[in-house]
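Sharing a structure with you now.
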Amino acid sequence: MFLKDYISDVYNGVASLLKGMRKTGYYFTHSKEIITEQYPDNRATLKLADRFKGEVVMPHDDNNEHTCTGCTACELACPNGTIKIITKFDITPEGKKKKAIDAFIYRLEMCTLCNLCITACPSDAIKMVPNFEHSVFDRSKLTKILNKPGSKIKEGIE
Amino acid sequence: MYNETEIIKDTTELGPDGELVINMGPQHPATHGVLHLVVTLNGETIKKIEPHLGYIHRSIEKMCERLTYRQFIYVTSRMDYLSSHINNTACALLVEKGMQIEVPERAKVVRTILNELTRIASHELWIGAMAMDLGAFTPFFYAFREREMITDIMEDTCGARLTMNYIVPGGLMYDIHPAFQTNVKAFIKQFKEKVTEYEDLVTGNVIFQSRTKGVGVLTAEDAISYGCTGPVARASGVSCDMRKIAPYDAYDRVEFDEVIETDGDSFTRYLVRVKEMNQSIRIIEQLIDNIPEGEFVGKTKNVLKLAKGEFYQRVETARGELGVYIVSEGGTTPYRIKFRSPGFSNLSVLNHISKGSMIGDLMATMGTLDLVIPDIDR
Amino acid sequence: MLSLESITKTTQDWLLAKFDPTIALAIECVIVILLCITLFAVLGLVLVLLERKVAARIQIRLGPNRVGPGGIFQTAADTLKLIMKEGLTPDTADKFLFNLAPFVVMMVAMLLLAPIAFAKNFQIWDINIGVLYISSVSSLSVIGILMAGWASNNKYSLLGAMRSGAQIVSYELSAGFAVLTIVVLTGSLQISEIVAAQENGWWLFKGHIPVVIAFVLYIIAVTAETNRAPFDLAEAESELTAGFHTEYSGMKFALFFLAEYINIFIVCAIGATLFLGGWMPFHIGSWEAFNHIMDYIPSSIWFMGKTFFLIFLIMWFRWTFPRLRVDQLLNLEWKYLLPISLFNLLLVTVVAIMGWHF
Amino acid sequence: MTNEAIKEYITGHIPTASFDETGEWLNILVESKQLKSLATSLNGQPIQLDFLFCLTCVDYETHLTMVYHLTSSKDRTMNIVLKANVDRTTPEIETVCDIWRTAEFHEREVFEMFGVQFLNHPDLRKLILEEDFKGYPLRKDFEDPINMIKL
């Protein structure tokens, strides 16, 4: 009986090992199963999900106009002080003072890409874009001013 | 923790009775992160294990005291980063409980599906890492191939692959991706085909079985006394699935089995996780065609304020029971918040169950406890 | 046809004609040493790349593919990096032994090259006790490993070295018994005669079941002897970080790394010689035409082909199986491999005495 | 077992215990000196609260409150919260880690984060922070000038 157990032990053990080797052997001989993505080479065809949260940007239209009113809702919503809005007062043609943004400072190095600022924004002035190549040589380059120079608020946005 | 002179003493001299003291970690291939174990050895046999924590302590509990009820959810993704969705759900559920926010059915069902997908992804990663701890490199890549499909689904819908922050108090941050259902179905199909590969490569393998069977045996009494939860406790025959005990979201309307085994060794813990993946697939299959139409987020006030009092919410993460305990003074931020993380209790049992085994067994035990260090340290 | 045999013969004749025999011998020695070192370097580069490519294909990846076409210069780049790295010696290490150990390991690997027949009549030293020489010298490598583990003054290294010692000493036995089966069948310890005995068929195919068992045992035993997964306990990186070479860096580490691959090559070469007929072409009984075509393939190609097949087999093991525990490793040897190989030796003796083999 | 029965049992054991049922679960507030004996009896028959799933401390600035969340492995729907106030200047309480082993690590965490001394704890050392760390980080008056928590 002992010998029978012994032999069946050896047999089952070897059989289980061969089963595993058959699986790995299958993958060795089937090169179409390879799943490697050749990242820098496939940049042209690389398609990220459109919702991918990579970076906060402020869309500007052709007239260099944005929709940010400077209400600082995003600044308040941000959990880690990524956004800082500096406001100024523009003089409208009617001679009235109007609040506008001077600089929308966005610190990418502090951002956790949690999307809370986007949901907080009442005028859809900022949005997330699927851009993930953020490497720069100097950390200070990650502090960005999102409103373009000379841009102004779109008409009719309060 | 040791001061400098003690560290030098530890690494150059033998302990009393000629014991060998090894500092395993904080940089060690098998501790998966920055866990530091001071292992006392007698030859190859382990006499004592003493965990030293704190290498990735970020004081999340203190941080959360400064964050509002909308903001603190994102931090919890960084605790147990492999089940970040479930952590987020726990916090959202707690805020909803505290404020009596009505969550739309659609949000509930989507949350459940995402939670189960997260659980599968976490277990997939665990299988790969565990096999790697035991010296088999290849299953890691096969497991990651399936996990990649889940992260792609997450990326489509939530916009992130690991720390999603998709759950907000009241529902979801935005609606699911139009291709969500087809992608999940494609994943289920592939998963069912490929799950047999783990059987061939890992489960049935005679070396793997001999490495894990009878290793790190945890009895039911010890599991209860040490506060173990999740697959670790269920492998010892302790029923502790929060999805069954206190159903949340859509778990009360789906059929699934709580996987309970009784042997309590490393191999059983492995089996429980593999079977749990199949149960997760079962849950997803029941829900994926029945996502109700409608709103994805309930009506909430702009500023969330919890009533004065104490709130506790338990959910089942991939590692066990996550408890969120909030003491509210009625303000916009929690007065005190405590995360009862499953890994913390599961780690405390490590010394008990690996005493007397070998270094090689420690890898199997530690692997099957499925420790995530940021979850332990918080 | 230009064969390796004719090159060596011409060179020797030329040297003997020009110089007196002692100087000729010395020059030959220098040539052989240079060839050996070149072979080492080339084998190291090729085998490391091969391993990485095999691993990649098994793991559904591409593997190194950036340096040179298909990544063929990857290992050359790696070597360059290792040469440029600082070779650190830990402060509390036994510096002499620490620096000596990699050379001991390397030297043992070099010594083992001597009796291997790379092609027809192309052999450094056709010693008449070739197989005995191999089995005795190969067990010396454990000294280098123990030296490295002890001298590092690192607990992981020490544990790794101890494991390695226990492992190599035990697996020597079954490797030796597996080799003995062929010696029994051939009746000679000389490598050239063992190869010559396989002229009308390789031992694996004409030696009945006992030789097949011996072959399997040999492959398992040498996998363990060379510290390869699933028996890589001496350097089990998930347990002992890197085992006996934890403290080594730069070129000293590279020597250990190289020695590992050279050892694999050598044990596979010996396996090929003993079981697969060395440089003998593949012949089938009376198929004259087929045999003739086979003879046209140079003998060195036959030898390398067989050796690399065995190397691939060992790599295939590594990327499929989990690692054993140290007590299971010794169990496997003493409870399974050793009894089986003893029984097998008995069986093959009976086969040899009765003349049942072909 | 219903909340009423538990209340009755505890009142029988410690008459001074006060109850609070406004939350989700039954809250029991006892004196810190009586906690150990109550915990021991709750762990045994007939209630068998053998699963300590959360142990923490809350700093109310006037005092610290130890909070023990208990449940039974036989009936996981029965949850009670045990509380004990401890003094803020010299916080001391008896350990419960001989009743529930999981308390060993949780108490070490509370010890370093709040400075509560657990009497008769087998191994009361810092678990997460460095040995020479000054202060108790989770107390409300903790300020760290180097690693700012406040924004």
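Structural remarks
The chains carry the letters A, B, C and D, assigned in the order they are written, with residues numbered from 1 in each.
Following the convention adopted for this analysis, contacts are C-beta pairs under 8 Å (C-beta built on N, C-alpha and C of every residue); 3 or more make two chains touch, one makes a residue touch a chain.
It should be emphasised that the depicted structure is a prediction, and the values quoted were computed from it without experimental measurement.
Take away chain B in thought and the touching chains that remain sort into A, C | D. When chain centres are set by their Cα atoms, the one at the greatest distance from chain C is D. Here the largest set of C-beta contact pairs joins the chains B-D.
Computed from the mean C-alpha positions, the centre of chain B lies at a distance of 25 Å from the centre of chain D.
Once the centre of each chain is set as its mean CA position, chain B and chain C turn out to be 45 Å apart. Chain A and chain C have Cα centroids lying 51 Å from one another.
Here the spacing of chain A and chain D, counted between their Cα centres, is 42 Å. Residues of chain D in contact with two or more other chains: 151. Looking at chain B, one finds that residues 138, 145, 201, 205, 207 touch two or more other chains. Within chain A, the positions touching two or more other chains are listed as 17, 20, 23-24, 35. Under the contact rule defined at the top, the touching pairs of chains are A-B, A-C, B-C, B-D.
Per the touch definition, chain B reaches chain A in the complex via residues 67, 70-72, 74-75, 138, 145, 148, 152, 155-160, 163, 165, 168, 173-174, 177, 197, 200-201, 204-207. By the touch criterion stated above, chain D contacts chain B in their complex at residues 22-25, 27, 50-54, 56, 58-59, 67, 69, 73, 76-77, 81, 100-102, 104-106, 109, 125-132, 137-138, 142, 149-151. By the touch criterion stated above, chain A contacts chain B in their complex at residues 12-13, 16-17, 19-20, 22-24, 35, 48-49, 51-53, 77-79, 112-116, 119, 128.
Note for the complex: chain C touches chain A at residues 54, 57-62, 316-317, 319-321, 336, 340. Residues 11-12, 20, 22, 28-30, 44, 131-138, 140-142, 145, 201-202, 205, 207-208, 210-211, 358-363 of chain B touch chain C in their complex.
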